[in-house]
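The two complexes that follow have subunit A in common; it is paired with subunit B in the first and with subunit C in the second.
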Partner chain A sequence: MFILTFDYFVFLICLFLFYFNVRKHQKSILFIFSILFYVLISISEWYKILLIVLYMMLITYSFGVLIGKNNRFKSSLLLLSIFLLIFPLIYFKYLNNIIVLVNNVFKTNFIINDSVFQIIGISYYALSAIGYLIEVYWGNICCDKNIINVGLFIFYFPVIVSGPILRYNEFSLQFNTNKNLEYDRFVKGAFLMAWGYFKKLVVANRFSIPAHNIYNNFEQFSGVTIILATLCYAVELYADFSGCMDIIGGTSMILGVKLPKNFDDPFFSTSIQEFWQRWHITLGLWFKDYVLYPIQKTEIIIKIGKKSRKLFGKRIGKRIPFYISMIVLWFLIGLWHGGTDYYFVASGLVPLILIIITDIFSIFYNNHNIYENKYLNYFTNLLRRFRTILLVSICWVFVLASDVSKGIKILYRIFTKFIILSNFHIDILRKGLNNINLTKITLVTIIFVLLCFFIYDVFKNIYKIDLFEKIFIIKNRYKVVIIYLLLFLIIFLQTMNDNQFIYFQF
Partner chain B sequence: MTRAEAHERLTKVFRDVFDDESIVLNDATTANDIDDWDSFEHVNLVVAVEDEFKFKIPMGKVVTMKNVGEMIDLILEMGK
Partner chain C sequence: MNKWKSLLIFMPIIVIVSVTNFIVNYKYNINVKPIAQSMINGNCVGFPKDCVIPERGVKENIIELMPKTNKSVAIGPSLIMGIRKNSVDSNSFYNLGMSSSTLNEQLAQFGLLEYTNSQYENLIWCFDYYIFDDRFSNGIRDNSSEVFKEHMIELIGDSNYKPITQCEINKTKLLKIHNFIVDIFSLKSFKYSIKSLLNLSINDLIAGFEIFDDRISTFVNNYYKPDGSWVYSVDYRSKSHDEIEKKMKEYDLDSFVSKNKHINKENKDTVEKVIKYLTNKRTKIKIFLCPHPPIIWDRIVNESGYYLPYEIDEFANEMSKKYECQIIGSHNPYNIDIKNEDFYDATHVRHEKLAEYFSFKFD
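After this line comes the complex of A and B, so read on.
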């Protein structure tokens, strides 16, 4: 894993030069090290990656300048630039997956292209670059006439492999002045990094053990056990991705650049819509601003909306154009996740169906009940949160199964063999602990993490105290103690079963 | 059109889109202050405003408008 290997310590050299050597050239240093970092972590030959870097930079920079000139061809220029930026993404990332998908579905024999090589992070930085050009086109920002600024925005090394997807106006503002090394910012960044490593190496890796082992032999287990395994995977995925974001966020904080939030306690969402607003936030906002809104504002969708209102009444009619836009949106999100059949189902089809069904329910059922008793309120929201997690887990079934037909078989087993009475105790006690390699240390870690989740939740939702935010405002010397405590816990509780971040693949 | 007139007409649009006669707007009102003002209703609202004030809100503004005050500024600049 790049972020946990020596490659990442390029960062330390960069940091030294950034603050102590040639502070006047901070942007240039960061740019050079970003490219160096990207070449070092890339699996393909370095010259191929350099060509891709140059290509993406030149397209973004030159089309930014051309579109910014406000000429009458700017719509065509924008479309052409989007095509040119998406082309390598489709060719190198999605094409083979789509060929396999088409061959499977339509029983065709299209040949897979062997000449493609892996380009890490292109799905993230291509979206950032497209977002920049759209903002220039809309006139919300001016084009940047310095190619180093554009290059740094696209290839800023902390975010290059897994996002978050950046917005140019937020990013460039933070680079207008030279930065001094501030002890406070350094400690906060280091704390965030330690927290991220803890999430990945302890939480994600421990929760992955029962999840993957149960799924590998799902025929032996009851529906309840499979649900528990899926919930373990949900925690694994969250800890893995948000842990990665914390490491990245901490790294960037030390360099003086605050990154946008990518998670907002998604497991505490009371509805499925809210969950997707709090999970991978920068991706959701990108698709909302640059895909969903423009589709909803096309003449044809507006006309459909007006007609459907006349036909079905206001309440139902206004939903039809929204659902059409959502079909396009979730198809593209499914494609963004790689274009494989199970990611189309898990990241496109299932979320789409869940959102539409819950929205239809919301016409008849009000989900905003608020009770005067705060404990009753908490309990009701707890049930809603649990319902949301269970519904979202349907997506994770397909991701964890990595196969649509296996996912369907697992779902079928969950519903038809929910509890196998004669085997139930064997499931949990014997197979649970031995066959799936659930050691005492893993079990204790899982219980400890769930307990922490619960305490955090109670404080946040009943007493309105965010314990994590509290840690951020305590004195630095205590923060340093917590960093050491986290490192101590990582050393004793970590498991190196899988050190690849799940979201690196996208 | 004065700011007060724009404000009054805009309040009617909001009440109609969100089916809520109790909505009261001020310049600082944002999506967080109105329960149903989410990504689903945002464009419905924008289209209703365009129909009422007979102008097209540029896409860049659809995304960046932060509150009702900014919406009224835009209406006064471009609307009828």
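After this line comes the complex of A and C, so read on.
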């Protein structure tokens, strides 16, 4: 993965040299380097990348101008542009997976095309481009008549491979003034990058060891152990994804570009709905604004809502159109995650079922703080958060299993072999730890990280102090010391398992 | 400006990382050609204890510098690195074995031999897990040799192949320089350099490689012989039987022999195509199957799920019948009556025993 390599730093140094010295053409320089970055991460197929870049830019720019000017055929132009932008996404990314899924479910024999070229990042920037055109259509923004601006928005290099998904107005307004290389921003950005590398190379990679090793031999382990492995995967996924966000956020900060937040302490969520509002925020907001709300405003959904209120009463009736919209929403989210069977289940079906069930049950319980004592409230919230993580972990069982039937077998084992009493023997425990390659250093790292997380948690939820924010605003000389400390921890605790970010696959 | 000067605090770490990596791990990388040339000139090349040797670079340079016509070559992982010109009974023999050599790396070696027009009548090819288990086979440590791997794949393929261009060769050279710089500044390498640093003496750190006559047998550390074969250090060769057996019993078998894994079909096809291509060029091939020690083999047999050893043996037999290649050895030690004490460790046969148990001579 390019941003984990030395080449990325060489790339950044070259970019900074041009970007901060030729201030008149900062946007153009950033655009050129963004295209260069995209070509470098797929260097063997560089000409195909350039074709895709040209295609996406021309479609987005030209339809943006046409939709912006034309009132009569606006809807048709929008639909056509969405089709043209989605087509390469479906063809290059999802078609083979969908064919495999259809063959598995309906026992058909459609042939997959093995030679389809994999385009990195198209799932992210296609959504950004579509969002831009929908905003122009709604009249919220004016179409941009400068193709470089449109190109930079779509292919801004830090967000190409893992997001976040940008909104045009938030992004373009940041280029109204030229950026200088500011010491303060540089140190903060470098600090954020070091923190991101630490999360990925130390936290994510260490937590992945027990998670993957236990899942590869799950028949040997009890349900409790498998649950612990799933929770380790939860930490791995979060550290991997948010680590990547921090690295690119730090890079952007140095360039003077603020990126939207993609995570908001998701493990602090006390309900499923809250979790999905704090996890991969920009994706959730994109689907909410451009899929869920438009669906809810369609005539058919409004009619269904009226009929269901008449049949079932107001309380239940108003939920039915909401559930129908959610089915469409989560189907598309499942599809976005790759179209494979286990991702459909993990990122579509299971979250949908959980949200609907918790929505139904929310009629019967109150999720708010009900005690005056802050410690009692913290404890209650801790239980709710643990419950939420356990429920969300059901999704991750399928992701980690990489197969629906294996995922079901694992869930079955969790419930049927929850505790295996004979495993509680020191020799078996020792052998078990050896089998899953859980060395002392990995165990110590895991315990240390969990302890830090607990301390952060207590400070944030009881004393309302965000320790990370506090560290972020300390004097720069102390930040430099922390960067040094993080570098040492990375050197001695890193383990480069599979040197790839998980969300890179989308 | 003063504020920016405070960032110079990071300079020491950059210097420490690069210098440590260079001294401990990469100082021989800039000497691969002289090392290979010394061997071609008939000398042994010895290294200090526990240092990192750029095997891939050395063997690549041997291929480029060796005479264009040779009697025999040996290709495979470290399991064959003890095969010497005496056991092949030819002065025109080069051992191109490399530790953990994967299928892709071996294809790159074949490709480079083709590119440099190096002819050889006989080939000793070691079949092992690094070729047929896709957990390992697709790896290629030095990506600058990809072009030769692709070249070999085109040669053995059905379509017309394009010769390697000068532009690709220049790109390969640039890639080597790029990889060297990346490795020098690598934090991952630094972690291992620190560990090695603790075991090395000052002498080991500053010493270079040593060139000496093949007739001198007093060198105590690891060294290459002029034919490219390897000699382990005296310490390694003189471990006690008890120590070796203990290591065999504690050996993490799954790290070498994948459980519940079958032979990779694509790799089988590729290997067959290489054999067919070489046979058409009238190259005689001996397939070497390096045995496991009896302790290890007993574990393979007693624990279920180890299919690869049997499947590789079966495939080797199939190739032998189809292309008239001779098979030397077997994964099953009881087939050749080799004992635990005939091994250095859980995988490597003692080099003096290789010639005793196996015949590497070609008629």
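Here is the rule we go by: the second predicted complex is superposed on the first by the 482 of 506 C-alpha atoms of A that agree within 3 Å, B and C clash if a C-alpha of one lies under 4 Å from a C-alpha of the other, contacts with A are read in each partner's own complex, and residues count from 1 in each chain.
Everything below uses one rule, namely that contacts are C-beta pairs under 8 Å (C-beta built on N, C-alpha and C of every residue); 3 or more make two chains touch, one makes a residue touch a chain.
Keep in mind that this is a model prediction, so the values were computed, not measured.
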Subunit B versus subunit C as contact partner of A:I13, first or second or both or neither: neither
Broader residue contact with subunit A after superposition on the shared chain, subunit B or subunit C: B
A:G139 touches, of subunit B and subunit C: first, second, both or neither? first
Which of subunit B and subunit C A:L79 touches, first, second, both or neither: neither
Contacts of A:F492 with subunit B and subunit C, given as first, second, both or neither: second
Overlap of subunit C and subunit B interfaces on subunit A (superposed complexes): none
Touching residues on subunit B, where the partner in the complex is subunit A: 19, 35, 38-40, 42-44, 46-47, 58-60, 62-64
Complex contact set, residues of subunit A against subunit B: 135, 138-140, 273, 288-289, 292-294, 296-297, 302, 305, 314-315, 318-319, 322, 359, 368
Subunit A-facing residues of subunit C, complex: 3-4, 6-7, 9-10, 13, 178, 181-182, 185-188, 190-191, 194
Contact footprint of subunit C on subunit A as seen in their complex: 5-7, 183, 187, 476-477, 480, 483-484, 487, 490-492, 494, 496
